Amino acid sequence: MEEYLKLFVASAITNNMVLTQFLGLCIFFGVSKNLNASIGMGMAVTSVMTISTLLAWAVYNYVLHPLGLEVLMLITFVVLIAGLVQLLEMVIKKHAPALYNMWGIYLVLIATNCVVIAVPITNAESHNGFMTSFVLAIGSGVGFALALILMASLREKLQYADVPKSLEGLGISFILAGMLALSFFGFSGMITL
Amino acid sequence: MSIEAKTKIEIDNLMVSASPHIRCDESISKIMWSVNAALAPAALFSIFNFGMPAFVNLVICIVAAVVTEYLILKWQNKPMVIGDGSAFLTGLLLAMNIPATLPWYMPLTGSIFAIAVAKHTMGGLGFNIFNPALIGRAFILASWPIAMTTWPISRDMVGKVDGLTSATPLGILKLQGYEKLVASFGDQATMYKSLFLGERAGSMGETSAILLLLGGIYLIYKGYIKWQVPIVMIGTVGALTAAFGGDPLLHMMSGGLILGAFYMATDMVTIPITTKGQIIFAIGAGALTVLIRLQGGYPEGVCYAILLMNCVTPLIDRLVRPVKYGARR
Amino acid sequence: MAHDAHEQNDSVFKVGINLTLACLLSSAVIAGTYAVTAPIAAKTRIQLDNQARKALVADAQDFKAIEGKTGWYAALKDGKVIAYVVPAESKGYAGAIKMLAAVSVDGKIIDYAILSHKETPGLGDKAEKPAFRKQFAGKAAENLEVVKVPSDKNIQALTGATITSRAVTKGIKEAVEEVSAFTADKKK
Amino acid sequence: MKNLWDIFYKGLFDQNPIFRLALSLCPALAVTSNVYNALAMGLSVMFVITANNVVVSIFRKWVNPKVRVPVYITSIATIVTVLILTLQAYLPDIYKELYLYLNLIVVFAIILARAEVFAAKNPVFLSFLDGLGMGAGFAGAMVFIAIVRELLGNGTLMGIQVFGASYDPALIMILPPGGFIIIGLMIASFNLIGQHQDKLKAAKQGSDA
Amino acid sequence: MAKSFRGGVHPDDRKRYTASKPIEIAPIPEKVIIPVRQHIGAPCSPIVKVGDLIKKGQVIAEAQAFVSSPIHASTSGKVVELAEYPHPVFGACMSVVIESDGQDEWVEGLPLQRDWKTLEAAEIKEIIRQTGMVGMGGATFPTHVKMAPPAEKPIHTFILNAAECEPFLTADHRVMLEQSERIVTGMQIAMKVLGVSKGYIGIEENKPDAIAVMNKACTGIAEIEVVPLQTKYPQGAEKTLIGVICGTDVPSGGLPMDVGVVVQNVGTVVAIADAVEKGIPLIERVTTVTGGAIAQPKNLLLRIGTTFAQAVALCGGFTEVPVKVIMGGPMMGMAQRTLDVPIIKGTSGILALSEADVNIGPERPCIRCGRCVEACPMGLVPSMLSILAERNAYSVAKEEYDLLDCVECGSCVYVCPAKRNIVHYIKLSKAQNAAMAAKK
Amino acid sequence: MSTPILILIVLTSLGVFFGFLLAYSNKKFSIEVNPLIHIVEDVLPKGQCGACGYAGCMAYAEAVVLNPDVAPNLCSPGKDAVAKLVAELTGKAAAPMEPQIAQVQCAGTHDKAKRSYAYTGVEDCVAANLLFGGPKSCKYGCLGLGTCVKSCPFDAMSMSPEGLPIIDPEKCTSCGKCVSVCPKQVISLMPVGARVRVNCNSKDKGAVAKKACSVACIGCSLCMRQCPYEAIKMVNNLAIVDAKICEEKCSDAVCLSKCPTKAIRPFVTGIVPGTENEASTALACASCAK
């Protein structure tokens, strides 16, 4: 149990997807303009990541690996996730509009996103077991959401600041992310994957 | 001029503004210069303690900070407020957070980075999210980790230890254990005394607990910082280290804790605005400090703990609001 | 794209077959590429591995996998085992450090190579540099100890990267001990 | 001819994928700590984007809009798989170094975006040019970032000492925070230059009037 | 410890200039300028013509709406002009200019003698309306409206606001010392109208003599109690005063009557006593003329319509060029652009501030020191309100930061080290929000 | 089985599975969003100025596509080009838009207009207006604190050192944002082709207006009486010029020479009378004329 806890903390904080591995930056910078959207996005990413990781894990371990078809990993995962997300979006939109407005609208953005595909690939590559894959997915998702929400709150604050015109928007966001990453150095050497 | 005539004084250009029409005597420069003054004894002590290199680095940090701020204000056509002492303070704080023996270009780039990137990309004084001096320190530490972790020994240690550098007390604690640390001072009482007076290796301005405390008390007395923040932060560190079996006194007096708790966790620009929020901030910073010291890769965690809490400040501000009139009963 | 939508017949079959055909086509391309590259890739990999081992044990003429021990190889010279090349692993500052260690038959480290690591660039990664590596050559397990003060008998830590130094040393030490145990077993 | 040149050229500056469109930022940070990797990654992306543009353009008439995105993704994934297989066989060093990010080319927004925006509507040769231009812009930006980072953070270029041994590199530049901050400042400089050009243009028009 | 509230500030009260100066009755001015609008609510329409001869106390402008209050002549003489004149609150206002005949003759039947105890509550209410009573603390809300709460809001407590927390002002203080009996009478009348049995007089502790005098005047009157309050601004703001004395907060967006309380100012209850017992309308008031630029600061009993210039002249003129002239106190008063504005019913003070008094600095960005948050008696985040206004985020200020709860007491601005015009920003936000609401 | 053949089988079945799944669910769950909306939105300039009367460009795009009664030429920032495109896309005929430009109806620079007090406070016209209508003696004039400049979504306005906003005719899209934020209603939209304009907004009587500002329209009606085409009317002591009549009939504007305070001037876009900007622009004109 402790091992999984460590894994969770490591994937969420010390090896944070965004701040140490530069994954999911497009969403990170795109959605963090608004705190509420960030919370919705964080939830969406975490849930999609978990579902798709488990699915990909099953496909890899029961189909691809036994058949020696590792070469198809990438294309299978991509089609799998894109299809899944599109399906999920359609179903939620039709049957749970309230849920859709909360986080469903962000699903389309995740369909092809590097965070969501990086975790299954990492799992497959290091031959992780079911629980490890699962914890890694949730941890990474939570870590992503954490970074996103922090970033959004900082950016909302800067909305009311005298940021120089040339830095407005993406420029200042990058610098903020840099300082966030610099602060996260505090966690380095603590718990690692 | 008769009294009657005086009522006829040219008064067609009266000043009109919204109420109120009187203001207190406080100003930003008063606050900033008071903090500078409170830091002065510890800064002077560092020169006494580490000699010429300390003086040089102090000057480099402060001059670089002030000049950078001057140039940026000029370039952006902003009101010239260089005299308010805030850039001076950033430079001074940065200097106090680095080892005295850094080669000149490190404090220089650190100081420029602190002012230009950490402060002015976000709009200058009042808008920066992170404490510029701490960003400057983290920048130097990330860039030149070896130099930043090589500590000159203090004046009174010359001759007592081999070589001219030594690990900080927390560094010894982390890599060699508590017994070795106590042994390096002689006995426990000497250790506490040395920590209190500042006779140890460490960053320039962090060594002397007593002088930092004096300055801090002055600021509390003047009302420029709230007593809750440093007390809670230092208390949290003490309580948590005790709970995890460490030596609370050692942890409370070593590292940059006192410097950080009194002068940087109280940097009003980068901490929550309500007292309640500030207490949460202080608890968080204290807890993170302990976490990094006991679990992390660094022997010392105050800098990162405060920076990490700086990130959370906007969230705390959103969640912790003052109690509104009408909401209490 | 909008006007295309009206021209096309949107039957489920037509839409479905579209993606099917795309997949069929792509599978053909991948299969073809795979058929060509797979053998070459396998050969390259073996070559690379051998090169890595050769770099560690310069005298060796051939390497032979040891049964029952994954990743273990015996370095042969003139048909005689002169050293073992074994994988080593240790937990560093920021994650696992994977290494390859060459150990002489009498249980002394010859050299090692770092295969992968996540240490801080410019600090921990200096453990790959010869300056640090050379200290290990010829040392037995009991001398593989990190100290602050330099001496010939021990390993001096990298400045600013004590944790990495310790981790590497620990990993190598374990590998040496394992090899010693293995050779001792064999002698019996 | 001018038109063809424009199709190619726009990707370099006006619509530079990284600095202007802010697409595919992940590799811009992750593999730009040294020039060699950045170049390899940039060329890989350039290859994928161009090849995919061509493929999409060839098949654009037969693709049903309902499964447009999945088909494009399949096509991209195929090309990336081919790329990976080839690198694995012939350039194993690069493959080892860039493994994860090579896989992630699949989801680079810029590639899908070009397929949707350009290749799906234009003939093969134009799409080819567009892909080449965008890819070159991407690779150029990557190398540019990498040059700055490697120079400042390691004192080297393609592994060769540039400033001499006395230069004490600022490690932060090859670490994540430095990467973010450098790109942030670069974007700002791009904007500043843009503003300056606008001003010049305006001044010129003003004097013409 | 005297009762107090959370927040607030401690400016130097500077009441020493005038606290010991007895109220001086000003001579009848040669000319008075009486605006037809001296209250919150609809303006009155003049019912006199140029050339009319009128008497003191005669109605010269009549209220047309319920929330309005009639205007009376403050001296006898001739109407010489009906025109727009500068107004201390509204900028410009239709005014009746009366040239005094020096006789100062009362209109027929005034003053009369009446025993208030024989009158019904409804009669008294009507008298209050007809005599033009308004809140004399500065807000000038018509008193008869305040005294007629709707039936569903029963009133149980009457509070006499004698805190006078604004620095400089001593008018109420002097009235308490010199007319304590009238205050008690006025208060009893008001309590009868409202039908309440409990009355409090809240006085700040920096006026110990007033507390003593009022205590003495109240001896034997069980339903009135003097409550000493801690000296702190804004102790006399209606909402804080109710919170302190009753321990009940007025709900957000509500009025004192929502918690069963009516608050009146010292000057108002004296005027009520005069109106009910003698039939005298509101035509004069006690005003403190003070400030660093005034030669001889005084408490003056002035006729409505006297210009500021005349009042200043009565106090020996200026000693230096004033930087600011303010009607009311320095914390919530209104800066004036000219001395030609008349004294109106709500003019509790005339301040002429010198450069040293004003201490205005260049505005700097907020450094988030949190002093305003601590000073705010309403528990708001003033710094954020000012920042939001600066960035035109007016609706955010209203929806997320309780803009409309601000009472504009000015405590935040007083303590701000960055010298930010927070109250001005808040006024701007309120105006913009009102404009937005009007558009929809 | 060899790997390549397996690849063929697995991948193709994947394609079959997802192809049909998606095709099926698309039918089952689809909610039609008219793609035209996005295309129209792409065409719009995205100033989000609201000049069209809708909450942003997206809202207008939606309205113009879905509601046949919504005109395609409501986007004034986009000018004719956008109107034409939108009309084409939605199949609606667009009436040509008359090009307009915002103009400030005041020439009361610091030296010409008197002040009634020294204003200290928030740099914003609406804020200043709260304090007795602002520091200008003329209560109709431009306060010069730049609320319009801040509000301009197209960065077309700047404040001249003399205290009047300058409007860049290149950038002004006549969206009307400045018109709506000005507390003095001193900005109006004018046809670009107008000949003359009245640079005053004072509705005060002549004597009052003249006292407050030396270039005020004093309501003397001289211009009205002299104009042969009856293009000028007097409303509330202020001359109002009918730009259309001017444009169509007038060749020699006598009103210009008759105005005693020079409140009527030739209309040149981008010029603020009585400022440095006028002088420099005039200079530039003169230099290129050579």
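Just so it is clear, A, B, C, D, E and F label the chains in written order, and each chain counts residues from 1 on its own.
One rule holds for everything that comes next: a contact is a pair of C-beta atoms (placed from the backbone, for glycine too) under 8 Å apart; a residue touches a chain by one contact, two chains touch by 3 or more.
From a predicted model like this one, the values you see are computed outputs, not experimental measurements.
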If a chain touches chain B and chain D alike, it appears here: A, C, F
Fewest touching-chain hops separating chain C from chain F: 1
Most widely separated chain from chain A, with each centre as the mean of CA atoms: E
Chain pair showing more contacts of the two, A-E and D-F: D-F
Distance from the mean Cα position of chain B to that of chain A, given in whole angstrom: 35
Whole-Å gap between the CA centroids of chain B and chain C: 45
Gap in Å, rounded to a whole number, between the CA centres of chain E and chain D: 69
Two or more partner chains touched - positions in chain E: 335, 337-338, 360, 365, 390, 421, 424, 427
Touching two or more other chains - residue numbers and ranges from chain D: 66-67, 70, 74, 77-78, 81, 85, 169, 171-172, 175, 177-178, 181, 184-185, 188
Per-residue overlap in chain C, given as positions that touch at least 2 other chains: 1, 5, 10, 14-16, 18-19, 22-23, 26, 30, 34, 38, 93-94, 120, 122-123, 163
Touching pairs among all chains present in the structure: A-B, A-C, A-D, A-E, A-F, B-C, B-D, B-E, B-F, C-D, C-F, D-F, E-F
Of all residues in chain A, those that touch chain C in their complex: 14-15, 71-72, 75, 79, 188-189, 192-193
Chain E residues within the chain A interface of the complex: 365, 387-388, 390-391, 393
Complex interface listing, chain D residues touching chain F: 66-67, 70, 74, 202, 205-209
Interface residues, chain E side, partner chain F - complex: 91, 335, 337-338, 360, 389-390, 392, 421, 424-425, 427-428, 431-432
Interfacial residue positions of chain C with respect to chain D in the complex: 1, 4-5, 8, 10, 14-16, 18-19, 22-23, 25-26, 29-30, 33-34, 37-38, 40-41, 44-45, 48, 120-123
